[in-house]
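Sharing a structure with you now.
Chain IDs A, B, C and D follow the sequence of writing; residue 1 opens each chain.
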Amino acid sequence: MQSKLRPAPEISVQQWFNTKTPLSLAQLRGKVVVIEAFQMLCPGCVSHGLPQATRVYETFPQQQVQVIGLHTVFEHHSAMTPTALEAFLHEYRIRFPVGVDTPGAHSAIPETMGRYQLRGTPSIILIDQQGRLRKQHFGMEQDLRLGAEIMTLLNEASMPGLAEHNAQSVSTSQNCDEQGCAI
Amino acid sequence: MQSKLRPAPEISVQQWFNTKTPLSLAQLRGKVVVIEAFQMLCPGCVSHGLPQATRVYETFPQQQVQVIGLHTVFEHHSAMTPTALEAFLHEYRIRFPVGVDTPGAHSAIPETMGRYQLRGTPSIILIDQQGRLRKQHFGMEQDLRLGAEIMTLLNEASMPGLAEHNAQSVSTSQNCDEQGCAI
Amino acid sequence: MQSKLRPAPEISVQQWFNTKTPLSLAQLRGKVVVIEAFQMLCPGCVSHGLPQATRVYETFPQQQVQVIGLHTVFEHHSAMTPTALEAFLHEYRIRFPVGVDTPGAHSAIPETMGRYQLRGTPSIILIDQQGRLRKQHFGMEQDLRLGAEIMTLLNEASMPGLAEHNAQSVSTSQNCDEQGCAI
Amino acid sequence: MQSKLRPAPEISVQQWFNTKTPLSLAQLRGKVVVIEAFQMLCPGCVSHGLPQATRVYETFPQQQVQVIGLHTVFEHHSAMTPTALEAFLHEYRIRFPVGVDTPGAHSAIPETMGRYQLRGTPSIILIDQQGRLRKQHFGMEQDLRLGAEIMTLLNEASMPGLAEHNAQSVSTSQNCDEQGCAI
């Protein structure tokens, strides 16, 4: 019953990195959007969440899947400033657009985090091509499941997807020495 | 141009483990089939290929995705006997059906491996619901990409897929202590 | 020719965490000292250097081996402030004493880092019980080698070391299920 | 009270690999001996025990530390034959000497395993330069602790050990890109 799906709340970003122009969900209709909500001093974000977001960024075509990092600071605000975040993104070589979630006016919870009622970081959010919220998950998610879910959202649209592409090619590994036993 | 896709060669299996009845591709029409070709003494199969196949087995519904291990012994034949394989499957707790590729009559290469012209082990093979070969890959494959490819094949059919299911639920993590920072 | 060994330069620390009283090498004679020089936004420090220092801290008796974290900020100074470090230590659960290397008066390189001429972070420094510099290593070091080197310095002294202790006990694993095959 | 230490039971080996001449503890006096008891189809041996033994083999001088793999088959005897072991050692690139523990005359437990009363595999055994049993551990052991223990046994002897060597050199990393932040 897809009619029950609710629109994803718009994101509220104070400052952007890795993008020349601000992003909004409204302007991303037609793309699948993957939001990685993180804090730069959250160990699980550094070890699992952000590397997974980078793999999504490198695996799917950017014309079809928009990866956004969202810095949802809800603790240690004086430590995780935009200045500190900029250094963090540089050192960890994060290439995809990252927005700083707008601080809450009357709360430690920033605005976007509040709208989505996220339980913490890392959280991953999937938004379909029509701008509807399809998944939000706190903690670790398996790559295998996440890849499947993103592809489901890609395949819903009229755009060609990856199916055609994959059908044509029988891919092979270039570097096999440590991975397999060549004949 | 999916009309150019060729039917996947039938598998030839000498002996089965973890299944009461022999499997054939012919009888698996309507399911996506994932074949993990491996050798029990191949390090890359043990460290990467088989754990990945297990994750596929545990992630996708077995009514929709059939995982098959194929023991394609092309070297050290006297070491990797069916008896040794049975002990290996027990110790490594492999639960999905595993077939022993029929030894070649005039070659070190077993029959199914020859039909698919596999380059070595581990190799992963994807077959769509119409029994057509859609991918074969020697070496390591990323989980994110593999999950996406399996879902593409699942979404081609008229069966509901996981999209509906995912749409209903906003999943959350039960165990977050080491993974994230709860509010 | 141990006569050629030079005294380790004293550390210069602006602010301490995880210790009630400031530490100095002068007061640590009789102990082996392991200094982990790190920056909180250095990926290799987070993934390898600091976890290794924690393992040293947990493996060797604190009466015999003093682990010190030294925050040697030589870049992104405005991001890696003592306030940010305090949050980092809390989130990453670093328990051993950590000192902030005193900023350089005329250089981006802090004082202690300059005295040791460290090449970068992470670096590990070993100081023997007589206060002499015995090793400094930039980058990853193997645990096996590091454990051996620390023990060499411990065994130089008249204190009993771990040899006696180990000799008495035949240690056994408490949790074996995933590690081994019990009879 | 080292006088209470008992002599390590002699090993009983049916067949050797990776050595031209059979080894015995009697002939290894003056060396520290590290025995890795394993089974080729034991997952913990493959993932942890044997890689650790290889690291010991590569870290310590072979004139001072003798690493021995001992294939202590106590289950699946028909699968883990010497022929199968030979293929295993080849595929996993095990370079140090490996002996097949002599099958028990009236027991599933092989002879050496019985003499040491090992609880299972992997187990690691340390024998000092005087041939005395100093440690046996079932399951995983930390590299840091193992390195320290081996060095303790090395330092008991009159031979120079690694202390002198380390004292002379200030080692540095050759490959730092992914590990650290060079100045």
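Just so it is clear, contacts are C-beta pairs under 8 Å (C-beta built on N, C-alpha and C of every residue); 3 or more make two chains touch, one makes a residue touch a chain.
Given the structure is predicted, the values throughout are model-derived calculations rather than measurements.
Peer 1: Both chain C and chain D are touched by which chains?
Peer 2: Touching chain C as well as chain D, we find no chain at all.
Peer 1: Taking each chain's centre as the mean of its Cα atoms, which chain lies farthest from chain B?
Peer 2: Here the answer is chain C, farthest from chain B.
Peer 1: Between chain A and chain C, tell me the centre distance in angstrom, where each centre is the average of that chain's C-alpha atoms.
Peer 2: Distance between chain centres, rounded to whole Å: 36 Å.
Peer 1: Averaging only over C-alpha atoms, locate the centres of chain B and chain C and give their separation in whole Å.
Peer 2: Between these chains, centre-to-centre, one finds 46 Å.
Peer 1: I'd like to verify one number: the distance from the centre of chain A to the centre of chain B, where each centre is the average of its C-alpha atoms, in whole angstrom.
Peer 2: Here the centre of chain B sits 28 Å away from the centre of chain A.
Peer 1: Where in chain B do residues touch two or more of the other chains?
Peer 2: 42, 75, 91, 181
Peer 1: Which label fits the chain touch graph of this model best, line, ring, star, complete or other?
Peer 2: ring
Peer 1: If two chains touch, include that pair; go through all of them.
Peer 2: So, checking each combination of chains, I get A-B, A-C, B-D, C-D as the touching pairs.
Peer 1: In the complex, go through chain C and note every residue touching chain A.
Peer 2: Contacts found on chain C: 41-43, 46-47, 75-76, 78-81, 83-84, 86-88, 90-92.
Peer 1: Residues of chain A touching chain B in their complex?
Peer 2: 1-2, 5, 39, 42, 44-45, 48-49, 52, 55-56, 59-60, 74-75, 109, 118-123, 133-140, 142-156, 161-164, 166-173, 175-176, 178-183
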